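Take a look at the structures listed below.
Note that subunit A is present in both complexes that follow, paired respectively with subunit B and with subunit C.
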Partner chain A sequence: MIVKKIINNPDNIVSDTIEGFVKAYEDKIEKLPNSNVVIRKNMEKGKVSVIIGNGSGHEPACIGFVGENMLTANAYGGVFAAPSPDTLYDAIEASENGKGVCVLISNHAGDVINSKMAIDMADDDDILCKGVILYDDIASAPKGEEIERRGTAGTLFNYKITSSYAADGHDLEEVAKMAEKVRDNTRTLTVATVPGTSPITGYKMFEIADDEIEIGMGVHGEAAAHTMKIGTAEEIAKVMCKKLIEDKPYEKGDEVAVLVNGCGQTTYMELLIFYNEVEKILSEAGIKTYKPAIGNYITTQEMGGIALAFCKLDEEMKKQWSKTTDAPGFHI
Partner chain B sequence: MLSAKQIQELLIKIADMYIEKQDELSKLDAVIGDGDHGVTMARGSKAAKIKVSELEDGTCRDYFKTFGRTLVSTLGGAMGPLYGSIFLEISKACKGKEEVSLNELSEGFNNGLLKVMELGGAKVGDKTMVDSIHPTVEALKKANEEGKDLANGFELAVKAAEEGVNSTIPLIARRGRSRYLQEKAIGHQDAGATSFSYLIKTIYEYLKDM
Partner chain C sequence: MIVKKIINNPDNIVSDTIEGFVKAYEDKIEKLPNSNVVIRKNMEKGKVSVIIGNGSGHEPACIGFVGENMLTANAYGGVFAAPSPDTLYDAIEASENGKGVCVLISNHAGDVINSKMAIDMADDDDILCKGVILYDDIASAPKGEEIERRGTAGTLFNYKITSSYAADGHDLEEVAKMAEKVRDNTRTLTVATVPGTSPITGYKMFEIADDEIEIGMGVHGEAAAHTMKIGTAEEIAKVMCKKLIEDKPYEKGDEVAVLVNGCGQTTYMELLIFYNEVEKILSEAGIKTYKPAIGNYITTQEMGGIALAFCKLDEEMKKQWSKTTDAPGFHI
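Coming up: the complex of A and B.
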């Protein structure tokens, strides 16, 4: 099997990626010596730290979200596999800065199990630590069963808003409450046009007909339950916006941040064309948009597709969403 | 009965089996999961094989514990804690034993099943590894009550585990990544259940050839 990717030995993908990242941003980020954890160099004392562990293969997420007013640290796992409890524990221990650690957990079995084990270890060592499980993908469970939904691209709102809020000096309880509030105001839906290839196995992650798109994809190339014929950006935006608006529901007078996330292969041109349609639909529904994030933030290798997410904002959330950050993988 | 030395040999065989089945298990997982199950199991098994091989004069408990702990810290994903816990529970059941019989392994797998269900939240019929662990545990318990020896007990367990794997084929998944596929997962066997049945088969083959 020839894997047509620019990599070295597939066994070293994770360490090679981290090394490249740390070299590029060594003025502000470092790696813990014996653990796959990237962490801020200049943490402010006496602030709640916000961390997350996640599988690799989604770059710039989540290593690229470590920075001022963003994550304090990221525990980095294997490709699409959550990091082990000890790696997560190392991230918690190293980022503890006097006011406790909020662990954001994207709702996938591996992330949840490993994070819970790590939080238990931290409790045992008297480190103040609290986990908040994030779920946003409306395709993965029906309304009313939100806690069964998986964490997908809309978690980006949480990384930014909750972390910025923590940087204002709020305590751990308040920070965890903010994470829950952002989560409860966020909804995401993803479509895929082309499968990505696993860099370790060399296999396509799913099959899809030339004239179809998958609707309701996960972030690891898990195929979706439904397909639809590919249409124009306008048609796809209409289908997606309708489902998202109905689910929350988002209402006339609401103000939302919009995420148009490219899954890896989709061009910035396509993302802009798509955003233009989304903005029109929201505007017609009387929903105001605030500082959209448009780009490749949470990718699934070279998968083609778009994750569309909305987060309803209040004044506090708007302030935190728009605060500047030096995290290398984030811009709005 | 299995001595500590034989447990060391058996664990190395289990690790070799997962390294060998890497491609097959990944392909199975690609159909209704994210296609990395085999790679994950092989990665953890390589590390666990080294740790277990390096451990000299360990007790029965030490070998299972080392294997389990290494899986938890190197497999990653959900599989690390889930697979690792099975071996850690077996390790606990072997506490203080110089030799291990069907009694300890039956108890260990039973407690492993409970741990997996607690951590992952899956029940029988959710199209996960629980569907092959549960019948395996039932078969081991029954064989133990009937006073069967290790090899006989695991011969029955292999059958039960394989039937468990087949039982996943017509199911809709309720846990794990394939659950998002809803009815598209029907007709495909679960990779986690399959890989657990290979574990039981490897144990049986070792016992048979002893």
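Coming up: the complex of A and C.
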């Protein structure tokens, strides 16, 4: 087993990553002195802040989404491990900017438990704070049990739209409602072609047969719902779009933002070819597309695959989705 | 041999990619009807245009660099193959906007021959046109023979700075001089950890031993200058920075933009860790860094590795490097 990663001591991965990130963007981003929290500089006063905590290893998620019209701060955990309640509390406390803090929580056990504890700590200290749990992965629980679903790549819509909405001056109740609305209009499904390697152990995180792909895999290699022989981009897009459209359901006349999220080693060329097929299918179904996001946003190390997500938009959501941001890891 | 890529018929890779790209960004980019040229919509009149032709397979390069304050157009060739003189001519003709066209040429035999032929065709049609050959890869020819060097990832500095400078209204002579200046201040070196797979053949493009990395590999797997056992990010950064600094040489008091370009499957986490080491080394050498570019800009499919490039900047170059752009594949 040889780790072919360009890293130093695996024990220092998190601190090395943060150090590099903060150096690169020191004009706009800083790290809290004693906590693995990355936070905006020069925040405008009197706005609701939006934060999230997450395990590292999914970069640019979510440190790369800290910026104007995006996240205020990111509590950064160990590799594939939720940040501690203390780290999350530090992010909440440092972000509080006069109108409270909306804590987005991607639905994974550790993230939920630790975020709730941090919110309780903030309540005790009279910091206005509200958590919203995000779930979008249709492969991880059946329709009707949406709240059991995992948070996956479609959470990106929330990082942008909800944060951008908060920057317009809405209060915490309104911001939390927007987070729920974005979540409820989002569905995601992931296809995996090859596994990623844990930077800690140096081992592949799971196995996929040479001629197969996995539909429905989670962001940490959680069991897929459906194994199929590798087909063309068109065939894969058809399978995935059908499941997503039926689940919500998305309907004729709807307008959706499409996320074609590379999981790591899948090339931008493939993402574009795949988007082309998705757009054709949506167009045939009478569903309009609006400003797609195509790129590596939420990765699982160098895993091969694509997470496809749709978010049905209204005019307010379109406005917030398209507002510019200086977050280093986001561009559409 | 199984191609684990999400594509359709390999014969249609280029057309499928362009179709997806143009659909995604149809508000600002279009394709010429009968030619594989991607070009800006709504160009401002009376400015020098800057274009390049290149083989596909390196996305987002260079289609993703078409946009405001970046390239006017991109002539898009087959996979790892230069576009034809006709395609390049089409790009020149369609870009001409009242003040002539600067054709950037990354130094590879096919690109040079075909670009020169296209420029000759443009001359015959009285289109004001000037080519500038770009070379930056210090591994491909020794110091003193810079013009024999390959064009690699450091050409990115030219796509941004020269194009942005052209958008300020400078004439073709001045724009070409800026292209030469950026080139002469740029040096690049690439480390490869694992090979990429050709989307046409489905085979690995080259081999690297399990415990080794290759310093000095070209963007198509051209022979590396130096094989070493895989070390830490710090060790790799030291080897690469030393070679780059000595070659130019970059000196105490210089200010450089740093490009940490992921070649494909190398994670953003690794790029940040590597940047952290590079910044330390430059800082110790008294060389200041300015707005680094960290991400996948010029890839070789899912090859693992990093291209490290420096570009020494003056105030004018800093201004142009930092100007915003809406090019889909570029953000710093």
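Criterion: the second predicted complex is superposed on the first by the 329 of 332 C-alpha atoms of A that agree within 3 Å, B and C clash if a C-alpha of one lies under 4 Å from a C-alpha of the other, contacts with A are read in each partner's own complex, and residues count from 1 in each chain.
As a convention for this text, a residue touches a chain if its C-beta (ideal position, glycine included) is under 8 Å from a C-beta of that chain, and two chains touch if they have at least 3 such contacts.
All figures in this text were calculated on a predicted structure; none of them were measured in a lab.
Once subunit A is used to superpose the two complexes, subunit B occupies space next to subunit C without a clash.
Contacts of A:55 after superposition: subunit B is touched, whereas subunit C is not reached.
When both complexes are overlaid on chain A, the residue A:37 reaches neither subunit B nor subunit C.
Look at A:7: by the touch rule set out above, it reaches subunit C but stays clear of subunit B.
In the superposition on chain A, contact of A:91 is made with neither subunit B nor subunit C.
More subunit A residues lie in contact with C than with the other chain of the pair subunit B and subunit C. Shared-chain residue A:216: touches subunit B; no touch with subunit C. When the shared chain is aligned, subunit B comes close enough to touch A:82, but subunit C does not. Using the contact criterion defined above for the overlaid structures, shared-chain residue A:114 touches subunit B, although it does not reach subunit C. Minimum Cα separation between subunit B and subunit C in the superposed model: 18 Å. Looking at the complex, you find that subunit A touches subunit B at residues 11, 55, 77-87, 108-110, 113-114, 117, 139-140, 150, 198, 200-201, 203-206, 216, 218, 220-225.
Here subunit B touches subunit A in the complex through residues 23, 26-27, 30, 32-36, 38-40, 43, 72-82, 119-121, 175-184, going by the rule given at the top. The touching residues of subunit C, when paired with subunit A in their complex, are 2-9, 13, 16-17, 19-21, 23-24, 56-57, 59-60, 64, 191, 193-194, 199, 210-211, 213, 230, 232-234, 236, 264-277, 279, 292, 294, 296, 299, 301-302, 304, 306, 328-329, 331-332.
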